[in-house]
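By letter and in written order, the chains are A, B, C and D; residue numbering begins at 1 in each of them.
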Amino acid sequence: MTAATTDLPRAEAPRAVTLWRRFARNRAALLGLFLFGLVVLMALTAGLVEPVDPLRRAGDPLTRPFTDWAVPLGTDQLGRDILAGLFHGARISLLVGVLATLLSIGIGVLVGALSGFFGGWVDDVLMRVTEAFQTIPNFVLLLSLVAILGSSIEYITLAIAIVSWTAPARMVRAEFMSLRHREFVDAARNLGVSNASLIFREILPNALPPVIVYASVIMALSILLESALAFLGLGDPNFASWGNMIGQGRSVLRTDWYCAAIPGIAILLTVLSFSLLGEGLNDALNPRQKKT
Amino acid sequence: MTGPVLDIRGLRIALPKGADRPFALAGLDLSVNAGEIVCLVGESGSGKSLTAGAIMRLLPEPHVHVAGGAILFEGRDLLALPEREMKAIRGDRIAQIFQEPMTALNPQKTVGWQIDEVLRLHTRMDRKARRARVLEMLDLVHIPDPTSVHGAYPHQISGGQRQRVMIAMSLCLSPRLVIADEPTTALDVTTQLQILKLIRELQQKEDAGILFITHDFGVVAEIADRVVVLSQGEMVEHGPAAEVLNAPQHPYTRALITAIPALIPPKPRNFQGAPVVLRAQGLTKTFAPRGGLLGGKRRTVKAVDNLSFDLHRGETLGVVGESGSGKTTVSRIVTRLLEADTGAVEVNGKDLLACSPRELREMRRHIQMVFQDPMASLNPRKRVQDIIAQGPIVHGTDPATARARARDLLELVELSPAAATRFPHEFSGGQRQRIGIARALAMEPKVIVADEPVSALDVSVQAQVLKLLADLRDRLHLSLLFVTHDLRVAAQLCDRVIVMQKGEIVESGVTADLFADPRHPYTQQLLASIPGRGWTPPDLKTDAA
Amino acid sequence: QEPKRGGTIIVHMPSEQRILNPALRASTGVYNITGKIMEPLIDKTYDGPVGVLATEWSSTEDGLKITVKLREGVNWHDGKPFTCDDVAFSAMELWKPLLNYSSTLQQYLESVDCTDDHTAVFNYSQPMPLDLFVAAMPDLGHPVPRHLYEGTDIMKSEYNTAPVGTGPFRFVEYERGQYVIAERNDDYWRGAEYPYLDRIVWRFIPDKSAAAAAIEAGEIHESGFNGISMADLQRLSEMGGFDVGTQGYENNVAHSTVEFNHRNPILADLKVRQAIYHGLDIDYAIQTIMRGYAKPGRGPIPSAGGANYTDDVPTYAYDPELAKRMLDEAGYPAGADGIRFKLRHRPAPWGEYTQFWAEYFSQAMKEIGIDVEILTNDAPGFLNGVYRDHDFDTANGWHQFRSDPAVSTMVWLRSGSPEGTPWSNQFGWQSDEMDQMIDAAQAELDPAKRAERYHEIQAKAMAEIPVIFAIEHPFISVTTTKLKNHHNTPRWNSSSWYDLWLDE
Amino acid sequence: MHLSQVLSYALRRLLQAVPVVLLIMVGTFLLLKMAPGDTVDALVGDMGGADAAYIEKLRAEYGLDQPVWVQLWRYMAKIVQFDFGWSFVYEKPVATILWERLGTTLLLMGSSLSLAFTIGVVLGAVAARRAYSLTDNMISTLGLVFYATPSFFLSLMMILLFSVKLGWLPVGGVKTIAAFHTGWAHVWDVALHLIMPTAALSLIYLSFYLRLMRASVLEVVELDFVRTARAKGAGEARLMVHHIMRNALLPVVTLLGLQFSTVLGGSVVVETIFALPGLGQLAYQSVIQRDMNMLMGIIFLCAIIVVIVNFLTDLLYARLDSRIALR
């Protein structure tokens, strides 16, 4: 019988490959990836392909799109090139989105992990704090933080992270609560593994997939929050962000709708790409839910 | 009635691309007559549940679908019926009982409502008549207080009662065919026996045909008229129960039957002189609700009550008992994965429960654990060699050495060293359990605590793992604390057993003595409930590979 | 056209006015509502000051006593007669101690004597020019009914949000966050034919685009004080059915300013300030930001300032090349990246166009090699950052000219205001000469000499540029053509509208 | 569920909420004190300026010249007696103003959330039942687009279309001013005014619920008891109504409770655009005017509402899920 038991099943393709296969099965997710790639490309090539400084006067104010090829998508009220704004705005939006997401997930993971792993009073205290953050209307908190810190882009990013960490924290906590009773955790503990290693090496990698999926939601929300701030005139005017462009474009919405609509559509498509990516990731990471 | 109730001919079920085999079922012929119990036996994945699904026409279509054959029910081909007629047949003429009584009932509806639903769907009875019928059915399946259970939610009644409710539900329209898919697997032995008896009794009364799906030859011996054996979707043997059980023809059947642990305990070995490696004294654990003032009232559970035992070097001590008797709690206290309320656990002469966290980590190398669920106990994101080497690395071994040793250990547990760089999900259940054992051995412990290490495995695999454990124990002079609910397993491996009920030891002793002459009524009841205890598997050793 | 009686008009208010008492809060927003309910002693028309609750006024030679005759037969909305007691009480208990801006104006007011029920004598310890008094009264001279305020905590009086006045309309309802309603006062002193309207509703709509839509949809009849965006104003003006213009704001002209922190050695250099001025394309800004409804500024007194104004001052034409040269000369050559130095700029958060101004400023400065970082902040943040903490290099905002330089723009140039006083010279710029010129002008009683002094101040301010008074612009309003007799006084939105009528 | 059980549960929840609310209050107070400037600055800015003595007097009168700890202590001492204090910006007691605004906010939030919930749940369920079909793709895409459209953008577009172009709906406000409707005419009038803000506010949540419901139904459909019901011969409609819906609703209900405060935040923009006198706009104004008492009052009120809503969703959850006993 020895022979039979050493017979291993045929080796599987590497994890990344299987993930990709599952992901690629979902056409909407591919579209999301494509859009996302486009935005990243725009962000990377801003200033190369589109050499104009997005804050400089590039032409007559309120030039309509496709009328002057020096400014293909037209200009806004101060004569700034909308195409350049679109490219540079991609950079800002992505930067805000990615950094705020990383930060908020960082905080969320830390709080959620400690809370879920240790339970007891640690959990009590951390959860009270989380509840407190959840009880204050997030946008009001965001406004307060921006009022305190000022509207520079770093602080806006930080403020967005501060108002968005609770959901990942709860998520990580729930995952930890269910994972910490899994036998493999007991097994590691029984080997004498320290708590820190248990948290970060054993449990966390297993708790991350839903959080990674949720990252797309935070990313989308960050961009929406930034644009809402800009809409209220609290954006950072030193950078061309899509939110700023909409915020300023709305005053000419009735006559020169493209000033707000072009960045508006850019936001919509970017957020859409995050959502589609997120759903694709979800399908890929939780094969249980997928159907072909 | 002439002819069989159910007649399956050449049934083939196709699996989606990328599955381990193209057909889950490759040409099954099977018939069930009225008043007959036909057992469909086979190991996990052999296609038993899909057969049931095909009959009910509830396969997860389209990716799993019937690719050929016919399913004749009372002479009509079910596969050709329109969905509307099929709906009328389901629940009325053909009923099904499922394995997990908890999840098979809707948690949000009362038991009465759920049984009533069958009547509502298939009869024109008025409310009063239906209620009367439901109560009658509940009574029929020997539910003590039908009126109160009628209004209860599934989570408010015990597992055995839930399964009775399922049975009541399936039988209340006197179906011609009942498909029972492992209806007792999730139950305690004592409950299992009661349910088996109930099914027998009702079947005789109603004269229905029963297709009984199980992986347990003990259950087959208990209940079957005829047996069909499936292996990897192929029907390998069929015939009257007595014939298949006592004179199996096909090598696969023979292998299966050989693997069943006999109810004959090994010869007692003497450990009087051997040193005690593990001593538990006065262990008590009460689960109290957390939250104090704001937590509200919940009942407290005394999971372990003043429990003491000794384990000698090289000895295997079995802990047996029904679900909830506190077995797992004991194993977790002993390894200090759970803090006991009171008591002491001496390992190597030192009290584990009094250790500081630092000392504890040092002590852990002496007492290791093998877990029940081979999948859940391996970190899915780590490679096998890292899983095995983790313990030694934590305790200071150089990583390269530890990994090399991990590969040696894989060989020791009869796995190819090629396994070292794979992930746990790429292995079968038995192989995973071997990895778990290797991980425990890597620490070179004195004591191994094993909590139901084989109960998630098929019999043939179970036999291999048990044999491996016994081998290692003897070779490495290990002491085993072996927790199991399966008395057959306990009988095969353990030198001594303690029998637990509600957290207390009701009886303990040398296995052979205890099995031969149980004193405590609870032990007697346990022993009497072992399925197929009247049947001794034939001695086929000569043919075994 | 014969005026018609009746009708309700709805007026847009971009922000809510929480206190409806012009004797406590001097601001155009407050007048916009309360001007119809409470009347000042004197109002302004295109023909000069006219009496409202006052009928005559005169001053003694030395300027220490001002006698005001009050109108007889005027009743408060609660039926009690309006008398000198009300004026004396208001002046001593509200105007002098509690009313912003008025406290400076009235700092030397000693007492108000009532020689009879309808004669009030204002006694000053320092000379008060009668012109200044009269110029200030339309904004800072609203009496309140003494019988309702006396003996109560004035700041917390219920009548601060439910005003009782003598005006053509009486207060009905203030639904916070939504609207204020006032209806016709049948007992109005001008006679039974006034006012023409039945009711006025002020509707609070903070969002400019929504307000523009509301006007376009006919839900609102008038929006003043640039309540909707310039783009929409221009669009509506081209659409027909709306009067869009600056008439009626002659008393409410404002300057768009660029302010310097002279504590910064770079900015303390006059050459740098001049270069910056040369770097600003004022005409472009007027066309793009103000859509042409403005003129270039000529110092602290706008062209609407009457005799006190002159345009005989130094000016700075748009010339970026010259600006660059001047910066080079000042010792700030462009670095490798084309940047000479960096400025931190605080824009006032007073809506769209201060924001645009900041962005234009930054844009324009980049052209001449100055990197401007804009620090966005809300009102308290701005006021603190600029006026208390002096944490800025440049700032921009607008500042209203209140018909007389003595009570308005001079504070930008005069040193000595305590730290933290908003809209005062907190820029670290000090000139004893200028201080003396300002004091002398304020104390001058002869109008002609006074004007001369202000011309000198104006010229000096343009030469030394403590602050750039870049653009002067009246406010702009949009009104449906259904309204008649609208914008017919120089402070029309703050006036009583007794003769306004609706042609429907 | 007995009444006494519910009551004692309510009491327990209330006690649990106390530390959270305290934490919020102290935290917010200190946080806002870090912001540059205070109410007096804002007031003076609003007035168009004032001289230094006047400013000092106001500051002393409002107690803003005291150290932060003193101010905090005074505030907390009052709030425990449910005295919200005085709004210096409005010159009215905070409680009065809160009370005036609460109605609009509750109306707006209630209508948005219930709309989002109902439609989201129904669409989600439909999408899940026809998973991966054209219908599902359409519903899911719609959900994603709703989700990705910034609410202010949507609001402006709606105003443009429905108010200006079509003239069907009023631009803003909660009622037609000076129309003095009464009875049903008033109700209808208010409803007309709330259509656009409700839509603008609810769409994003609608897409949340839609997606969650869809996932939840897909998950429940796989569960054993659904198979049991099928084996009983139940049809699809019956499965949906009796077996799937209720179980699938549970996670959605949890989200409902969690999101309440987010909705309040989201209403800042919508209330500003539609000139609705609600708490969201008030909160925003209070922040930029440093109207501490007002903001603290709003946050306290909000905390109370959230506690109540969570309590209600717990009750609802317990009603929906027979396994949950209130603890």
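Note that contacts are C-beta pairs under 8 Å (C-beta built on N, C-alpha and C of every residue); 3 or more make two chains touch, one makes a residue touch a chain.
Since we're looking at a predicted model, the values are computed, not measured.
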item	value
A-D compared against A-B, more contacting pairs	A-D
Separation of mean Cα positions, subunit D and subunit A [Å, integer]	23
Inter-centroid spacing, subunit C versus subunit B (mean Cα positions, whole Å)	86
For subunit A paired with subunit C, centre-to-centre distance based on mean C-alpha positions, whole Å	46
Numbers and ranges of subunit B residues touching at least 2 other chains	none
Interface hub residues of subunit A, defined as touching at least two other chains	147, 250, 253-254
Contacts with 2+ other chains: residues of subunit D	35-36, 156, 160, 272, 287-288
Chain-chain contacts as defined at top	A-B, A-C, A-D, B-D, C-D
Subunit A partner contacts - residues on subunit B that touch it in the complex	16, 63, 332, 335, 337, 360-362, 364-365, 368-369, 371-373, 376-381, 390-391, 394-395, 414-416, 418-419, 422-423, 425-428, 430-431, 434, 436, 439, 443, 464, 545
Subunit D partner contacts - residues on subunit B that touch it in the complex	56, 58, 87-92, 95-96, 98, 100, 103-109, 117-118, 121-122, 153, 155, 166, 169, 291, 294-296, 298
Contacting residues of subunit C [partner subunit A, same complex]	208-209, 212, 229-232, 234-235, 288-289, 349, 351-352, 355-356, 358-360, 362-363, 366-367, 373-378, 381
Residue ranges of subunit D touching subunit C (in the complex, touch as defined)	35-39, 41-42, 44-55, 61, 89-92, 97, 100-101, 104, 156, 159-160, 163-164, 167, 170-174, 177-178, 272-278, 281-282, 285, 287-290
Residues of subunit A that touch subunit C when the two form their complex	53, 55-57, 61, 77-80, 147, 150-152, 233-238, 248, 250-256
